[in-house]
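Some structures are shown below for you to check.
There are two complexes below, and they share chain A, which is joined by chain B in the first and by chain C in the second.
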Partner chain A sequence: MADEMLPAELLTALNEQFPCRAPQIRRLAALVGTDETPSPPSIVLHGLEATGKTTVLRTFLDGVRASYTWIACHECVTVRQLMERISAGVTENVGGVDAGRAGDVCALGVKLSGALSGVERKHFLVLDRVDRTKEGSSVLLAALGRLGEMIPSLTVIFILSVPKPRLLSSAEPPHIHFAPYTKEESIKILSKYVRRIPFQDIEEYTEEDAKEELYVWQKFCGTVWDSLAKGTARGIVQFRAIVDEMWEPFVKPIAEGKYGTRNYSSLYLLHKEMFRQETNVIDVVVPVVTGEKAVAKMHDLPYYSKFLLCAAYLASYNPARQDAVFFMKSADFGRKKRRGGATGPTKRTAKNRKIHRRLLGPQAFPLERLQAIFAGILPHRISSSADIQTQIATLTSLRLLTKASATDVLEASTKWRVNAGWDYIRHVARSVKFDIEDFIAE
Partner chain B sequence: MESTPPEEVYVDEFDPKEHQGCYIFTPDGEEDRPTKRRKTKGKQRAAEKTAIVEEKCPFPVLLDGKETESTLRLRYRTYCKLWEAQEKRTKAILDSFNSKTLDDVSAFVKDATPEKYEGKIPTALVLAGPNIASHELLFQQLAQRIRNQDKTGPVVALASKDATNLKTTLRKLIRDATQQDEGVDDEEEDIIRKSTKLLNYDLQILQTWCESHEGQKVTIAIQDSEAFDSNILSDLISLFSSYLDRIPFVLLVGIATSVEIFHDKLPKSTIRLMRGNKFDVERAEECLAQIFNDSMTSDKAVLRLGATVCDFLLERYRDHTQSIQAFVAALKYAYMSHFYANPLSIILGFIDNADGLGEVLSAEHVEAVRNVPSFRRYVEGKMAAKEVGEVRKLLTDDNYVRRTVAEKILESRNYGIELGQALAFLEIGRSCTLIQNKTPRYELYAKALSGELQTSPSVRDFLMSLKRMNSTTLLNLLEKVMQEVQAPAITEPLRPLQEKIKKLVEEAEASGGKKNLISEFDTTNNTLRGTAVSKKVRLGEQKSSLTKQDTEYSALVQQVYTISESYLTTNFNSSQHGLQNVLLHEILFYDLRSPHSAVFAPRPRSTIERGLSQPQDYLACSCCTSADGEEVGIRGTQPPTSIIYQLYLESGALINIYDLWSAFYSVIAGDEEDFDVPTAQALFYKSLAEMRFLGFVKHTKKKTDHIAKLAWKGI
Partner chain C sequence: MLIIGARGTGKTTLLESAISDLTEEHKGEFLTVRLNGFFQMDDKIALREIWRQLGVEMELDERDQPKTTNFADTLSSILAILSHPDELREPDEEGEEPAEQDPSSTTTTLSVIFVLEEFDLFATHPRQTLLYNLFDIAQSRKAPIAVIGTTTRIDVVESLEKRVKSRFSHRTVHLKNPPTLKGFWEICKEGLGVDMDEVDSEINGSSDEDRRCFEAWNSHIEDLYKNDKQFQRHLRRIYAQNKDPKSFFNSCILPLSSLTTSFPTGPSFSLPTNQLGEPDSILSTLDGLTDLELTLLIAAARLDIISDTDTCNFQMAYSEYTALTSTLKVASSTTGVTAGRLWSKEVALGAWERLAEYELLVPAVIGGGSGGGVSREGRMWRVEVGLAEIGKCLEMGRAGVGRAGLGKWCKEM
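Moving on to the complex of A and B:
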């Protein structure tokens, strides 16, 4: 530890543990160094999700036995909580006495300089995921950066995903970029965790088998990357999750002895469908089990709620001036309008508005319009009772209908908006045998 | 004086001193107030006393004020007793109903560890259906189960109304979680919190708590995920996920719509943090069926609903609410309103034991019994049967009527029970056939009461397919009927037949190994042959292909068919066995629709619109109604607001105030040349203000001197 340079064994061990991060580790070694070498007041580590920022730094600091305080900023709900954590953490690690709370950055500066004044060793304050602090402003980061300048023995290390220029409003601190892994790097990393092929008829696991497995695994990782992960899951963690998910069904024929390990291409052809569908890429809470769909018990909305929802959709996506065309019960009115509309104005609007209304998002509408459309699309007349109002309220608390203006709910001019997609609405409309397609304006 | 909060300042007690910066305080003013206060206190106490007395019996005196105090009390007590029994049974059904979901979810919580779910938060998505009212009950049951029975750790229920921002949500979560245990080490907790001086929304508090309570899971139940702000929800979930290595969280998420909508609501990075399973809550219809069967068709039910109320309730359930709670509330209302307004309802208290009924019924009660339509029909029936002595006694002898009522009420009650059994038989029978639409019992009930069932296809289809049944299905059906229907009228004659068929099947099995005997009426196999002649030919062929056992079996099927047919037709026959022939059915069946629709589905909007556009309907004054009762237009004699409203109906979306005023003036002035303009203006302003308060018009900036129309009539 007393040497000027870091021991070479440590670096080799780290490089072994974290492949493809050699430049970053070298830079860290230079900046963090040992207790004798000076460190800059602040360091910024940046890089996208799952590029090893946190793990590398933590292992490195542990490896060189530096004195450091680790603060997980994303766990802090307020700035005050963050400040208190920092002050508590530093005092605890340095071994000073607890001298009250530090509610803001100024108090924190005073406290930390007090706590670190008598300390000989360098101290590192690591702010992990500092960009995910819930309340933080840009000034906060700059102020925290100053801490390192005010207190000589302190170095503040920021870990964040994307740095902004002039992030700390001071002379640029050294940045270490953790670049996203490329395809080759990803496969190299994943090769450290080769999953076994669950061979059925095997007595002993030999060196040969391990080699074969590595071969299939690397080939397989490459295929997954090219077909799925390249576009959807570039983070190493996500990539690994997909590979894990797909591995077992993929090697099943090998495990059963139907395929050899070396004819990968025919195995790929067998599973071609697997790389086409996206089920493994889409994140869901409940994993989809194939063949389960038969027992789908749908919870149903009440009959009139469904019509209300359809009416809300129509009110949101149809222009109000066309309501008479679609919902007037007397037939001749609609025809006249339609014929008239076919000549002049339609051509002009067609030129101007090319975007489909569905893509423009739901428009706000007054409740009166919803009720009028509701009355218009019902197959039979019902007089509006309190039950209809209750259902509107229920749809609101289900967030299928949302309030779009800040005024009171009871006010007649309050606007509303539908909050359900076309697929859902079409499904609802079909269940009450309502041809919603006929009423949608093109 | 100045410290008096504004809500206690009464307008009539206006004291100018209170608005001066400095004044001399005179104590006699103080004397005034306490005496007043005392007075009101005394009054209150007196009111409370009377309230206690009244509370005992909030029902009015009926029978033209001649009902005695004791029968009044009895009526109320009977109501309380009967409803209590019914409510208890309903509650038991509701409690047991969610049991499967509860079992599943509690098993999930017991097993859940992050390791099992790839280091993600174990999450149970509870699909609870769109009936929000029932969610609270379900989540309460879940929390109780996990907290008290499974003892896996604290359960925190988060509702959207508590979660206005992240800080308060966390504060509530931590408080609820740490204070739920036995309270033995509360002091210890306080010490921990004080020594570390953590903020009260810091999850580290919960972390320290978890360290001292090894093996406890923290279950977070999010009851209404839809109503949650999605930012707060995703912040919460990412916080949980980052603490997951220190605090073993388990999430329960209540979803009213669908999993897809839940997925759409949250960012993908948040969804990635959760992994788990989904749990479907039993559909509400099954719960409704159970409660309905218990309250309408079981033999425990005393008061039943008639066809119209039943239709109304079911329709409201299906089309509007889908809420069991609303149904139960309506049922309670039916009980209440029956006992509230029907003096004869006291008879229901003696339904199990008719002793003492005779003494309770006063002369007025007997008179009321004689006025009931079903009694009149009964007497007319006797008359037609030439039992003149009987009729004379019924009409003149009060004691004889009392005895008859005591005797017949049980008989009438049996009508309801028998009907329920017949419906149960029909439902079970239909469930064993291949009939596509399985109409539940509650749908059939109303039809049966109104006498529609006798000729309906439901019965016909069932009897037809009964004839065609093979032996396996038939035995299955008979077995179910024997188990679930307690009506000797049907089970007694069917039992020997069941035995015979069983024996026949055994014989067939022993001889030829054929397990399934086919009825000769079964023609499902040869539907390919379309023409009548070819069918005949096939029938002949089929008959010849039948074995000896098959033929015997067919004879037995024929017998089952005959028995079932006669049983169903007697029970559903409206002319002989209909509801109107049941003596005193008015007491046993509640069938008034209007109180329910007025209370549960009022129509405020159309009522206001009618009141304003046709004030004569409410005022019934001679000036506004024309001689022949026809509708009249706008008249100056109508209330001014009504005039404005009718003018408003005729206008477009924007109304020019001056036009409206001149129209109003010409109406209100009528033929009078010199109507006072200031008076008319005052009326105009007042009515317009009323229109604004009712929410019909609004000030607008779109056009000067105009107001915007907000409501259209008849929507």
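Moving on to the complex of A and C:
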């Protein structure tokens, strides 16, 4: 009788601990149940990140005191490692003697059925983040799914973020969906973690204060959700990180006593700018120092290298057939012809919109073209002492140029590609007083 | 012989019940070796597994098992056990598998049934050595074995090599899903109802009250099928979708688990929508996407149509996104609605990569996930969902609350 009472109490406790997950917990209770009730051979838990799949399941299994083995699949690099972990984990938890290791799925099945044959209790094998295995194939997943059918006392629980139809290639196992939290749910969950307002002049913490804090906190969470989290960070973990980061500066006026807790809207107006910025959304290791220009992160390249880089950019982003137009030494002729040539092909009404070349990413080019353009854009004759090939090699080792084909570096057919963005190149071009804008095809 | 049928049509169940019937009739006269294409991924492992299962069943000494020997040795020793032409007797008249006097395992008469589940995967093994040898033994009657394969692929015979195919008996049995709704219901009812004969035989001391309870349950189920509109719709939907009794049973788990033993007083068993069902498609994840992710996805899907390519990179999607959002800004500034914030490139790139993680975008080049020297923004991707599908989802409100406004981007070009 005591056993039957346990789940009901447990359910309420779990529901308190994990708000807004009641349907999922109820389904888990039906599928996992107690030792007396049967469980299906395999269960799939799915939901996007930070929806509580792992935490809820682990707490639930602990709560019903089920015998389970937890395998974090994303930590296993090879299939063999995964198999060995599973077999070692199950034997350890069931309490059998470790008789050798299982290197493949076949041996694993044999070992597990051996280990679990004498056990009356149900055993759960939880494969967390099973879609993140490095080597896993669909056959492997199917085999793992069949383990539960092969061994009666075993239930395999898969946790994954995006379900694929027919993942286990078997008649469908029960799925439990962990739906993403809505705005109300997210705020409700965050209300469990109300942070204090660091009042300066306060003697004792009263219940009144707690109530006020909760009020401000919930309002604040709502604002953050509407302005930032809804757009970019819906995961509860990300949301909480943003809220945590912004809380202290936000309530500073309250703490200093300049604002009361109830005039939230005026406080919001004071901090309006804060919700417009994106600094709290992007994770940065090195904090951005305001005022410092981002372009300062530049290589101090040699003179000819800068021209080489510009030439590489032009070679990557200009179509080769227009090279003659841009880089012929008689500039006047080129300009005229370019205007004439540019109108020609666009006259035809294109059925599909043309994609801007800059958006398509850098195209590959042969080394000879780079050298020809380089000679074309140099304002004067090249000095005989400059070793152009070495500078190209240096640019490659800096990863500003990359090899685009799999052939050897010295082969004539090897293609190259520039690996720097437009802002960088424009900066480089300006530093040598080269008007790169004139040479870019529209 | 081969048993071919879709998933959930009971191939394995049929086979297992036949084998267990045989076991009752001819106890100790045959062995069963069960192989599964999912587990035995190549012939070497399969052979070792055959050896192990034979060893377990024949109670051979562990030490006899070849631990480190090569494929040929194992194969020849198995063949030696299986084929003893001198000892071959006439086939038994009852079973389809003849019996054999196997000298290596004391004096029992033994034949072997090989069950190969997921037979099609065995056909993908290089040179189909295992299949060839098994069929060869079976056909030339060197040893009394029967090979039974189960598979879902209807064209599996075509994938056999010529020399293997010629040794195959070409006996196939097709299992089908029930052709009518009534037939489907018969199966479901069988699983759901309580078998009264079984109750009588198993629970000797079943009181009258229990019996009445079970009978009430059975009639209640029948009643549901006949009268309850909701139940009928549910059943019809599963029947139309996949005809798989298992998904019906799945949908029954929750209502059944909330039943109490005080059933006859208040029979409440209705089926709401299938809560444990598999999601229909990847579109179900749209609900959990953030606004930015969803807009980027729409932008990328628009590009498919606008520029007539099936691949795109982040740069293209971002510029489309910028264009879309700025038109919205103009439109909303007149109406006064503030929606569609323009996010910076860094934030958008993060969202873009999350879409790739959810497999709504797949790399266009195989192995392109690592980039191949191209920057993050320039990598080419293919969008997994069509624009029309997203639009439909938005219209039906399945992609989150308050996003129906995005739907017009899916229509206007």
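Here is the rule we use: the second predicted complex is superposed on the first by the 404 of 442 C-alpha atoms of A that agree within 3 Å, B and C clash if a C-alpha of one lies under 4 Å from a C-alpha of the other, contacts with A are read in each partner's own complex, and residues count from 1 in each chain.
Methods note: a residue touches a chain if its C-beta (ideal position, glycine included) is under 8 Å from a C-beta of that chain, and two chains touch if they have at least 3 such contacts.
In this text, all values refer to a predicted model and were calculated from it rather than measured experimentally.
Identify the partner contact of A:His177: answer first if only chain B is touched, second if only chain C is, both if each is, neither if none is.
It touches chain C, and chain B stays clear.
With the two complexes superposed on chain A, say which partner A:Asp300 touches: chain B (first), chain C (second), both, or neither.
The answer is first: A:Asp300 touches chain B but not chain C.
Considering only touches as defined above, state whether A:Ala142 meets chain B (first), chain C (second), both or neither.
second
A:Arg240 contacts which: chain B (first), chain C (second), both, neither?
So A:Arg240 meets neither chain B nor chain C here.
Go through the superposed model and pick first if A:Ile355 touches only chain B, second if only chain C, both, or neither.
A:Ile355 contacts chain C only, not chain B.
Chain A residues in contact: does chain B have more, or chain C?
Larger number of chain A residues touched: C.
Report for A:Thr402: first if it touches chain B alone, second if chain C alone, otherwise both or neither.
After superposing on A, A:Thr402 lies in contact with chain C but is clear of chain B.
Please write out, lowest number first, the residues of chain A touched by both chain B and chain C across the two complexes.
In chain A, residues 421 are touched by chain B and also by chain C.
Which chain B residues qualify as touching chain A in the complex?
Touching chain A: residues 118, 123, 125, 127-130, 132, 166-167, 170, 196-199, 201-203, 224, 226-227, 235, 238-239, 242-243, 256-265, 268, 271-272, 274-278, 280-281, 283, 316, 318-322, 597, 600-606, 695-696, 698, 708, 710-712, 714-715 of chain B.
Okay, in this complex, where on chain A does chain C touch?
Residue list for chain A touching chain C: 23, 26-27, 29-31, 33, 37, 40, 44, 46-48, 51, 104-106, 109-110, 139, 142-143, 146, 161-165, 169-177, 179-180, 182, 229-234, 278, 281-282, 351-356, 358-362, 402-404, 417, 419, 421.
Name, in rising order, each residue of chain C that touches chain A in their complex.
Going through chain C, the ones touching chain A are 7-8, 36-41, 45-46, 48-49, 52, 121, 242, 244, 246-247, 250, 253-254, 257-258, 275-282, 284-285, 287-292, 306-309, 313, 315-316, 319, 341, 343-344, 346-347, 350-351, 357-359, 373-375, 377-380, 401.
Under the stated contact criterion, what part of chain A meets chain B in this complex?
For this pair, the touching residues of chain A are 72, 74-75, 77-78, 80-81, 84, 88, 101, 134, 238, 241, 283-287, 297, 299-305, 366, 368, 371-372, 375, 383-388, 390-391, 394, 397-400, 410-413, 420-421, 424.
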